[in-house]
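Take a look at the structures listed below.
First chain A sits with chain B, and in the next complex the same chain sits with chain C.
This part shows the complex of A and B:
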């Protein structure tokens, strides 16, 4: 009787271990996005196979003991995948799909318009993505090149960290288009920044009396690097005479700002643009 | 032993009041409950090159928690509506694909008792994108036609890209990665 119970126990153990092996699932440790994969199974009979991952939740029938083929289109998205095989009970395995090689660069550059000769005024950030828009986390070297006209200003390599590389630099000396290019092997992304003149420098005015008052105008307005200050920049003329003060704002047009001031007596005209002051002009009273 | 008639009347009124309270505040309580199951901590001290302002930190915490609450709801009920708002770009597209795929297969996922330890690792100089690393812990339940076929407590690592939208931060990339 005791022997019989021992045999029964041994048979039970064998049966249990066989049942456990009946639907073993061996998933790969890691897969590259866009690659197909074969998952071998053990056991026999029909089972239901489930695949759950980023962008996918599918199920289908499989025969245990045969291989399960996962197509490349099922594994395009980087992330964690759960494979499940269920017949009497369920067995699972998880694996990761990692990004493929870089296929595109997302490149953000700021600002779109910048005054010249400003420290740390231009910055750019680039993210590396594979052809399936997965963020590529493997470090790679991105080269940032800044060119004004035909003149190269900066060329700076930067290693991506967690899929991102960035730079920050001063704006150039001359107004005009600044080309900013990020390059990684044969990939590149190009952005443009408009460099404009900085604050006016050496603001000077001339003026003359006319029948209805005084006509004042600036000399061509430049910044300290000699760039013509952008049209539309406001220049403020102030006229002080014995009986009061008046102010006129005038935009720069083609490098020059003009204003007509109604003043009959002896007048002192001053000029300013932003925080920059110009010369004073003394004009006598109307004869 | 029998209760006096007066006591029974008080009891009935109490039950009625409780019923009215549940009807009035039930939805609010349940939505609070759903949200409160997602715990998020954020460490923004290592973010560079730009430092994360405290107001931004609060915004990230609020919006990341909301995003995971919405995602869990969307994947549990296999419905697309909760994705409107907290997700954009690739992250939104993947979740949409996932839900459409769930609707076809009859599968659903539940993320239960979520905790997220977020670390901001990159904040762009102009503040227009932030990369975060999330160590998330939750119970993942997979159901097929309402029957749970898989239930496991998991620890996951995510790389997250968030960008500011009109009134919130949105998730543009949510990519699970192996533990480094």
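This part shows the complex of A and C:
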């Protein structure tokens, strides 16, 4: 019984092959996106041609034995295509459209703001696309250049893998604009990262009695790398005296935070910004 | 004023301002829904009454307890009203170094990823979940670690033993939503009618977005101390001092209370019903639950402020 089945299958294959000789189409193995292509056919008579691919579905009448011309606009999207010719029976071929040469770089850099001197804090990724927005999978070398002010910090080539290249690096030591440029041949994309001061360091306050209490202020607030901490950063002053506590959340303005506290007795003033503590100040009672 | 004794220390104008509000204060937007009164002490000529005033306000019902002294004048009992201190500010010029953050959004035509500005980086620095008479409460503190202001919301999801969400709530009004750089705010999330014994896990989620903000006004919190009120409850009292040159219409005080291990054991809030005029102060009070009063060793007060005509 099994032998009989095998004989039937073999006969069927032979019949299909003979039919194929009557009409056939020879598709190219690979095509570049945006290129026109010609598909020769064999046989004679009228047939219907179908083209199915990413984002395209086309039907048309063709004459067997003549070439089928596919225009560039039919093959813009990279991916697998199926070409199908049907008259008495249908015959098909598949081919792959690859992306054209890189025509644009999509460049994402993260984060847009970063504290200075942070390890692995800045990362960037590029995607290479051809003019039809197909991801270019052919390996290419993208160069990432990081510049702070006029000073070049890092220049790093990276080979694309499946159309993607990336880098990761530490942030610089100085607050300011970090320019990040990705270059591939004559293509480039530029992004900017704002490097900002890190947490305050050596937060110190001075104070004095005034008629209505105590005036306290910080010395110019810097991070540990010497960058001026951003204006608007909240500094919390706490004044503790025998009968209570007073607090003021004051923003840094022009590098210094100051607050006025109503305290008449002997007072201990402390200071903090976020989770960073500063010095304590002991101020005697109002004479 | 027929029911007010002539011996009262207040005048008609101050009385009206005290009871109806002024300068766009919370009291100005409130109405008295009702009151309960009970005598505390009474003789033939004088009496002391405790009155609970139930106010309907835009931020929810607020209860105000006042002890009113009454004297008998002829056949009538009349209230002796205490002196009301209404702030008055002299004409002056207050120099302010202006500091604010504005937000500029990119256009639709911008290349994807070319002009993105990250959301502010905020972090939950503490979380504690407790049971209360009203249900489960999740509370703690959040810090804005970034260099730009953040609009912050904290969400909590209670999860049962099977990993299913029981309930999901947000901090709503028990948080200072706009956090300036390095500012810390308490948050509290209430889950009414839920008992923590049914909860296996709490999923926390803090959401922050960019927001235009101003560094002013600066409001100092002076003379903070915990003391008992007339009913014997512990109350954190203090004075809010407006150190800027603009009127703050409604002040909202949010407090983290810590135990001796610096753990947040309670978060409570309260509103000041009078406007904070420039360079003037107004008292505030925030109740501490009786069960927690003995535990509280320290506290941190944050002031949220709303000014008419500004976001």
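Keep this in mind: the second predicted complex is superposed on the first by the 268 of 287 C-alpha atoms of A that agree within 3 Å, B and C clash if a C-alpha of one lies under 4 Å from a C-alpha of the other, contacts with A are read in each partner's own complex, and residues count from 1 in each chain.
We take it that a contact is a pair of C-beta atoms (placed from the backbone, for glycine too) under 8 Å apart; a residue touches a chain by one contact, two chains touch by 3 or more.
Here the structure is a predicted model, which is why all the values come from computation and not from measurement.
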item: Chain B versus chain C as contact partner of A:59, first or second or both or neither; value: first
item: Contacts of A:248 with chain B and chain C, given as first, second, both or neither; value: second
item: Partner chain in contact with A:123 - chain B first, chain C second, else both or neither; value: first
item: Contacts of A:87 with chain B and chain C, given as first, second, both or neither; value: neither
item: Partner chain(s) touched by A:275 [first = chain B, second = chain C, both, neither]; value: second
item: Chain B versus chain C as contact partner of A:113, first or second or both or neither; value: second
item: Interface residues of chain A shared between complexes with chain B and chain C; value: 108, 110-111
item: Residues of chain C defined as touching chain A within the complex; value: 97, 99, 101, 111-114, 116-118, 125, 143, 145-149, 180-184, 215-216, 218-225, 238-239, 241, 243, 281, 300-303
item: Interfacial residue positions of chain A with respect to chain C in the complex; value: 106-113, 189, 191, 196-197, 199, 230-236, 243-251, 253-254, 259-262, 273-275
item: Parts of chain B lying in touch with chain A, wherever the complex brings them together; value: 49, 90, 93-95, 97-98, 101-102, 104-107, 109, 121-122, 124-126, 128-129, 131, 133, 140, 142, 144, 149-150, 152, 156, 159, 161, 173, 175-178
item: Partner chain B, residues of chain A touching it in the complex; value: 30, 48, 50, 52, 54-59, 77-80, 82, 84, 86, 90, 92, 96, 98, 108, 110-111, 123, 125, 127, 133-135, 137, 161-164, 166, 168
